Amino acid sequence: MRIPQLDRRVLYMLLAIVVSIPLLVNVPLPPPAITPPTKSFYETIETVSTDPKTKDKLVIISCNFGSGTLAENLSQLEATLNHIVSKRMKFAIFAFNDPQGRDLGGSTAQRIADKAGYKYGKDWVNWGFRPPQGIQSLLKAMVNDLHGALGTDVKGTKLSAIPMMANYKKADDVGLIIEYAASDTVKYWVQFFQRAGSTPIATLFCPTSVMANEAYPMLETGQLQGMLVGLKGANEFETVMKRPGFATRASASLSYSHLLIILLIILGNVGMIQDRKRQQGATK
Amino acid sequence: MKEETVKLIVILLGVASTLGIYSILYKENKVFRFFEHMYLGLAAGYSISAAWNDILRPQWWTLMMIEGRWWMLFAIPAAMMFYMIYSKQNSWMSRLIFGLFLGATAGQTFQSFAADYFPKFRTAASKAVMDLPEVNQPGAYGLTPYSAALNNVLFMVILASVMTYFFFSFEQKGKVIPSVSKFGRYTLMVAFGALFGSTIMARMSLLIGRMYFLIHDFVQVQLLHMQ
Amino acid sequence: MNHATWPARVILIVISAVIVWTVIAAQRGKKLFIRRIPGLTAIDEAVGRAVEMGRGILLSSGLGGIDVVTLQALAICTNIASAAARYGTKVQMPIYEAALLPIAEDAISSAYNKAGRSDAFSSDDVRYLSNQQFAYAAGVAGMIQREQYAATFLFGTFFAESLIMAENANMVGAIQVAGTPSTTQIPFFIASCDYVIIGDEYYAATAYLTRQPTLLGSMIGQDRVKIAILVTVMLGFLLTMAKLPLVKNLFEDKDMPAASYYSPAKGGK
Amino acid sequence: MFQVQHGAALYTYIAGAAVVSVILFFALTLVPTKLRRPLIMAVTFAAGLFYALEFFWPVSGPESDQKNFLTAYIKPFSDITTVLQSFALGLGVYSLVSIHMRKVARTQSGWAYSLVLIVSMIVMVIAHIGKEYIKSPWVHQLNDFAYSGLMKSLDATMFSIIAFYIVSAAYRAFRIRSTEATILLVSAGIIMLGQVAIGQAITNAIPNEGLTANFRVENMANWILKKVNSPAIMAIDFGLGVGGLATALRLWLSLERGSYFEEEL
């Protein structure tokens, strides 16, 4: 059988189809290998949620991403927030890089909270968006006075008037920070908040796969306690949790698109070798 | 307009622009050209707004007119020098202001060189073959002292051979140097292949995000009213 | 490092002195040798191809602002433009950073003058496109598809958009030469371009193309510094083996108290 | 002299500064041709010297906040250069608008697209600057349409289009033509397999402990990225660093003649 060289439009069509199908229907996928950063990510949440010193503290869900990196960051958010909710920990949504983060984070949290029977204001809160220019001073101010520094939540209610916030007034009342980001925004938490209270706060990072390379050293220095690398990390986390969700479906897209590329490369090479043989035959 | 309507229009505009841009994958066409020009226009408008909202207003106008730092006005003649490129006789003045930028960027190179490269020199110069701290580090499971030592020797070999490939001041002749530099070139190819392979995941994730937008936000939610 | 440590002062000044010294020696007429660099030889070939085909040339100086990388890109582009102008081939250059526009226009028009073709230069050929990454990429893609360039030269700082530009040029059958210090983009250029200038071949390009003593001298100086770095690092490796971290300590940075970071009790495993 | 002023005094000072600016500007036009190049060289050198001295000059003060006599001026200087660069945006906008306005005015082929460009630019300026000043909801809705609806999704789409191009580039380039191309292909292939679950499944049967762990595809991929990639990239970086430093030195000391600034002034 002769394998023709494919037109680029055919390649594009194949890719679009391969990526779309797993988003529409469930496609089987073998479980991924669990990498060390994911493992310690999971273990950190386990520790924080069971340790009597930290289990009643607040979890800050910092959503610094926009629609551009939705596939990676939103899948991480869904996977981890499900876990936080199952541990009955109280959380606050926050964003300081992109206003879209507030909306994407808020709507995802709403959906997950509704399912778990979480009540807004009692079990979770959305602090809303603050502009990136003033974030350093804001975080510094938040260390001693969350209510004063932040002022109101996303709906304009004073934080001091929100029932759950009565227990959470300063950095020492925060037990865990999870940062979902398309850039290196986690450094603000590390520099200005993580170690500013009386005890260091465990910090977890969910970067896009491109940003992850720069963050590995922070795992080794102990500034980060765990990391989910892009969609792949989210998929690993869902596998650990045994709760397949969006990340697992999107990972199927990811896996099959890689498979497609490898198949295409093989086909291209076989076609090239066939052509070469034919040409040699012709010259003989 | 109701919030729902605004949301719907935003999604419809998103769908139209997504499909319009993707149309170049088939071939360059009028729809793509329309969105391309619209994109360039929007981007120009956005740059102007960002220059005012994020830089000129807070860092110049407010400082000058509200905080009273009147000498900020001198930014105007300085900036005007850029525009002197359009004058026949005084176009040299645009080079003068450019010289300021050029000098500043050159002067900062000392610091950026030290900040970027000294840690790298240190990493390279402290690769050990004995007494390996890496073995006990997190994420180093499966690393034995022998394999770690071997890896560190390999590190130096690769570093040296790739650097040799980039020496220009002598002809690469003789027995040793050409083969070292050839090995350097081959390891470069391994590295580039790896970079290519590892970037695919990030790019595919972006496409998945866009497809999810088209399929979920548009078709499933807006057209079929699924949740 | 925010401020120089003592070793940094000495090392940086020595490096600078070596480079400046060889530059001055070369300016005074010292004969210097550099070896053939294949990627750079291709630049002339690509210009020749464009002349034969009678279609235009696209130059891009990448996504940098006013910085060393982009100025080097501009210097390379100027050389290409003057070669192209000599044969009367049209050059177009979309600009990313507005502050670069005057200097780019100035450089390209002088390249035309040098070739004796100042009449052929139109200021519309060096035009501002956008300072938004993907708007710039979309604009360049559109330009490439419509103008059907015979050759494209991509030099400077590039990010993800490198592949958009290179693949579109590949589609229209342009001969492509690319060079960038953004190492992460090199693999994509290798996949789509005909010739790729890798690593510090990028900084060698102007010396190679013009054979100016200043630039040749600088290149030889750079080579000497690189050899010294390699030797130092190797020495450090050997000394570390002998448990004498002398070289390593030279590059220590006192401004960053890295050791003072604390690891929370659990996690980080 | 350089004191903060308020009220009427501020306006007087600003007017005074404007007059001084005009005089200075006029004085610059009188600089004789012979002095122009030395002046440019001097300005270039001084600007560079400022940063170089600030870096090299010995510092004092507590560990976390070390400074010398120039450190305090770094931030204002870089703020000013940012402001100047923002003013230069006008050059770009002028170039863009004049090219497209001409097309529209002369109804050259494709003038309608040029009109689209200019109109969308104006709309974006109104929406994005307007939202800072105007409370009424229509500006915010316009901003939603122009920015969230169009600009953001155009950005995301253009970014994601790379996924398609990566496939065609891989298909075309990864051929076993030469040793080098083959190495490129094999390395990329291992990384690709090692990153996704389907690829990892190939070697899932191999135990992830001891020596055999080395044959699992994700571990091979990791090894290539960490142990082969990083020294190779580091070696390239060393060359780039030295090249950049040398170029900076040539520019700073105005050693380079001929690349730009070719013309007599």
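Per-chain residue numbering starts at 1, and chain names A, B, C and D are given in the order in which the chains are listed.
Operating definition for what follows: a residue touches a chain if its C-beta (ideal position, glycine included) is under 8 Å from a C-beta of that chain, and two chains touch if they have at least 3 such contacts.
Every value quoted in this text rests on a predicted model; they were computed, and no experiment measured them.
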Exercise. Can you give the shortest number of steps from subunit A to subunit D, where adjacent chains in the path must touch?
Key: 1
Self-check item: More contacts between chains, B-C or A-B
Solution: B-C
Self-check item: Reference subunit D; chain at largest CA-centroid distance
Solution: A
Quiz item: Any idea how many Å lie between the Cα centroids of subunit A and subunit B?
Solution: 21
Quiz item: Taking each chain's centre as the mean position of its Cα atoms, how many Å separate subunit B from subunit C?
Solution: 15
Quiz item: Counting in whole Å, what is the centre-to-centre distance of subunit A and subunit C, each centre being its mean C-alpha position?
Solution: 35
Quiz prompt | Separation of subunit B from subunit D, taking each centre as the mean of its C-alpha atoms, in whole Å | solution = 7
Exercise. Give me the residues of subunit D that touch two or more other chains.
Key: 55-56, 84-85, 88-93, 96, 148, 152-156, 158-159, 161-164, 166, 168, 170, 172, 174, 184-185, 188-189, 192, 195-196, 208, 233, 236-239, 244-245, 248-249, 251
Quiz item: What are the residues of subunit B that contact at least two other chains?
Solution: 21, 24-25, 33, 35-36, 39-40, 42-44, 46-47, 82, 85, 95, 101-102, 105-106, 109-111, 113-114, 124, 138, 156, 159-160, 163, 166, 188, 192-193, 195-196, 198-201, 203-204, 206-207, 209, 213
Exercise. Could you tell me which residues belong to subunit C and also touch two or more other chains?
Key: 2, 4, 12, 66, 68, 71, 99, 101-103, 106, 129, 131-132, 134-135, 138, 160, 183, 187-188, 190-191, 198-200, 204, 219, 226, 229-230, 268-269
Quiz item: Given the complex with subunit B, which residues does subunit A contribute to the contact?
Solution: 9, 12, 15-16, 19-20, 23-24, 36-37, 40, 67-72, 133, 208-210, 219-220, 230-232, 250, 253-254, 257-258, 261
Quiz prompt | subunit D to subunit A touching residues, read off their complex | solution = 148, 152-153, 155-156, 159, 163-164, 166-168, 170-172, 174-177, 185, 189, 192-193, 195-201, 204, 208, 216, 218
Practice problem: Going by the contact rule at the top, pick out the subunit A residues touching subunit D in the complex. | Solution: 6, 8, 11-12, 15-16, 19, 29-33, 35, 66-68, 100, 232, 235, 251, 254-262, 264-265, 268-269, 272
Quiz item: In the complex formed with subunit D, which residues of subunit C make contact?
Solution: 2-4, 9, 12, 15-16, 19-20, 23, 27, 65-66, 68-69, 71-72, 74-75, 78-79, 95, 97-99, 101-103, 106-107, 110-111, 113-114, 124, 127-129, 131-132, 134-135, 137-138, 160-161, 163-164, 166-167, 170, 181, 183, 187-188, 190-192, 198-200, 202-204, 206, 210, 212, 214-215, 218-219, 221-222, 225-226, 229-230, 255, 257
Exercise. Sort out for me which residues of subunit D touch subunit C in the complex.
Key: 54-57, 59, 63, 66, 68, 84-85, 88-93, 95-96, 99, 154-155, 158-159, 161-162, 165-166, 168-170, 172-174, 184, 188, 233, 236-240, 242-251, 253, 255-260, 262-263
